[in-house]
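Taking it in order: structure first as structure tokens, then the write-up.
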Amino acid sequence: MSTSTLLETRDLGCIRNDRQLFANLEFVLEAGEMLVVEGPNGCGKTSLLRILTGLRLADGGEILWRGDPIDRLAGDYYEQVAYVGHHDGVKHELSCLENLRLARAMGVPSKRELDEVLEQVNLYAYGETEVGSLSAGQKRRLALARLLATDSKLWILDEPFTSLDKTSMSMFASLFEQHLEQQGLIVMTSHHDISLPGQNVQHLLLGTQA
Amino acid sequence: MYLWFHKLGSPPHFYRIAGKWIPWLSWIFLMLLLAGLYGGLIEAPPDYQQGESYRIIFVHVPSAWMSLFIYIVMAVCGGIIIVWHMKLAEVVLISSAPIGASFTFLALATGSLWGKPMWGTYWVWDARLTSELILLFLYLGIIGLHNAIDDKRVASRAVAILALVGVVNIPIIHYSVEWWHSLHQGPTVTKFDKPSIHWSMLLPLLLMALAFQVYYVLALFQKCRVELLQRERNSKWVEEL
Amino acid sequence: MSHRLSLTQAFVFLLRRDLLLALRNRAEYAMPLLFFVLVITLFPLALGAEPELLARIAPGIIWVAALLAAMLSLDSIFRSDFDDGSLEQILLSAHPVAVLVLAKVSAHWLVTGLPLLIVAPLLAEMLGMPSAAQTTLLLTILIGTPILSLIGAIGVALTVGLRKGGIILSLLVLPLYVPVLIFAASAIENAAHGFEVSAQIYMLLAFLFLSISLSPWATAAALRMSAT
């Protein structure tokens, strides 16, 4: 294990509705690397990601962050993780800025100004608009804006490009590249084919595990 | 010692051991039950105040004790589930719930039957009965919550939390109801609380309590084995049976 | 790398967020209060408006109505956050979830329990409760309603992920509310007859402190379970 190994899983298992989705899952992720989890529907991609965030308990095995089990690290691990799952995780009755301020309060605020963040995801004009009146794609961009508003090393993204158009997708793809270049980590699943040339990308295929 | 505990916690091992014990437990239960009933119904003299009808305490009091004891067992299992995620604890908890609920119901029913010859009504807002009624709701809550959650591992954690919350509340509820009862019912002494403890009455009472304890273990083993088969049906050891 | 906010700051932030959300969802939060008034109004209609009877049962029916109104309002603590994914974000926060839960429950109490303080005296008058008892009424509501929110939060946390969660919520929570009901109603009744109420009030305070120290942890554990 090299010193830049940040995320490691050992013997990870997952059981859902009496079915063993995967077992003895092992991988190692270093700074600046991305892991793309692939597989057919229902093979446990979302479950794996939720296990990595700690929202779901693994059925066997452990997850190590910088060598320590994440259940022991608790808050210290969570402050380094940003998660965007199926739900956007934004309040419809609040404005974009209010939502981002809350995200920063829950985690570690990044050095960027919130106006800058909104600018980067093309939501600058909607800073004070209630999220409820935004389109699905705009809400998704706000959810992903969380990644820029907080300072987290590990991004765990479940189908981040849902509802996004091609321009937004390539915009976020380059954001992911930047994150990796700054020694961040990404674990994601996506139906879309995103190519990040020149980056360290591992692929993990589920659904073929015993 | 730790190894024995660890072995006991393993489902296939427990399944086998429980299976071997069941016939023995059945016999022990029957003997204790007969001894207790004989002592209570035939040997013990009639109470000087209540005559023959007091004899229902030989079922009522042990039932009430069991209803409380089983809840505490469930709470202990709850703690074990939350800290160690032990599968057997999950099975014991959910198997105990209906048994505990039945004892609670039995306590209520026998209390009710006792009330009729005593006070002419089937229900009395006595402190003990009211507490038992609330305890019944707590049991039904655990059974209901477990049923409502599909993933049984998640369901076990939910009822573990509920059992622990309940066990903290039971003394509080009991004290509150006692207090409430003393306010509203005045100084009426109910024979529920303190039967005259004469040896000829105490012995059958203890025998019945022991019989109920054995019954609990017996019923628990049976239910646990069924539950284990259900939960582990995809595992190797079940297939080998 | 900048550091996360202090725990107090995060607490206040979440509290203010929930108050803001309640403000923007005014209609939803007014319902339990209206329900409270409505239920109390039903009793004179059912039992007759004889002043002596009403005055005697007033403490009891006000508190039973308060319990039922609390039950109705509980869903709002976690439902919205659960549905839009905000609850996950709270669980993934760098801060201890129990403290964040306390922030949310405090906001819930401020929005649903505190308003009862304003409405209750009016209802007490309508039921002919002697003014001697009305101070005690307010005191029991002030101490008792936070307990209802705290204990109720555990129940909601356990059932928020269920399809028919609302039905089983009452079964889980009402038995736990019984001690509060007993001591609160008894206190008011004692006050109405000019007797001492300190024993009851101390018991309620004890419940309150017990709930504040234990309920957030149980609620946090239940939320983690529900989010699975």
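Should a chain be cited, it is by its letter among A, B and C, assigned in written order, with residues numbered from 1 in that chain.
Convention: contacts are C-beta pairs under 8 Å (C-beta built on N, C-alpha and C of every residue); 3 or more make two chains touch, one makes a residue touch a chain.
Source: prediction; values computed, not measured.
**Student:** Farthest from chain A by Cα centre, which chain is it? Let me know.
**Tutor:** B
**Student:** More contacting C-beta pairs: B-C or A-C?
**Tutor:** A-C
**Student:** Quick check for you: compute each chain's CA centroid and the global CA centroid, then name the chain with the smallest gap between them.
**Tutor:** That would be chain C.
**Student:** Using CA atom averages as chain centres, what separation in Å is found between chain A and chain B?
**Tutor:** 48
**Student:** Taking each chain's centre as the mean of its CA atoms, how far is chain A from chain C in angstrom?
**Tutor:** 36
**Student:** Roughly how many whole angstrom separate the Cα centroids of chain B and chain C?
**Tutor:** 32
**Student:** Quick one: which residues in chain C touch 2 or more of the other chains?
**Tutor:** Residue numbers touching two or more other chains: 228.
**Student:** Quick one: which residues in chain B touch 2 or more of the other chains?
**Tutor:** Expected reply: 151.
**Student:** Considering chain A alone, which of its residues make contact with at least two other chains?
**Tutor:** 57
**Student:** Which chain B residues qualify as touching chain A in the complex?
**Tutor:** 85, 150-151, 153, 233-234
**Student:** Tell me, which parts of chain C touch chain A in their complex?
**Tutor:** Touching chain A: residues 1-5, 9-10, 13-14, 17, 20-21, 24-25, 80, 83-86, 88-96, 224, 227-228 of chain C.
**Student:** Can you tell me which positions in chain A touch chain B when the two form their complex?
**Tutor:** Touching chain B from chain A are residues 15-18, 20, 57, 59.
**Student:** Write out the stretch or stretches of chain B touching chain C in their complex.
**Tutor:** Contact set of chain B toward chain C: 82, 134, 137-138, 140-141, 144-145, 148-149, 151, 154, 157-158, 161-162, 164-166, 168-169, 172-173, 175-177, 179-180, 183.
**Student:** In their shared complex, at which residues does chain C touch chain B?
**Tutor:** That would be residues 154, 158-159, 161-165, 168, 171-172, 174-176, 178-179, 182-183, 186, 203, 207, 214, 218, 221-222, 225-226, 228 of chain C.
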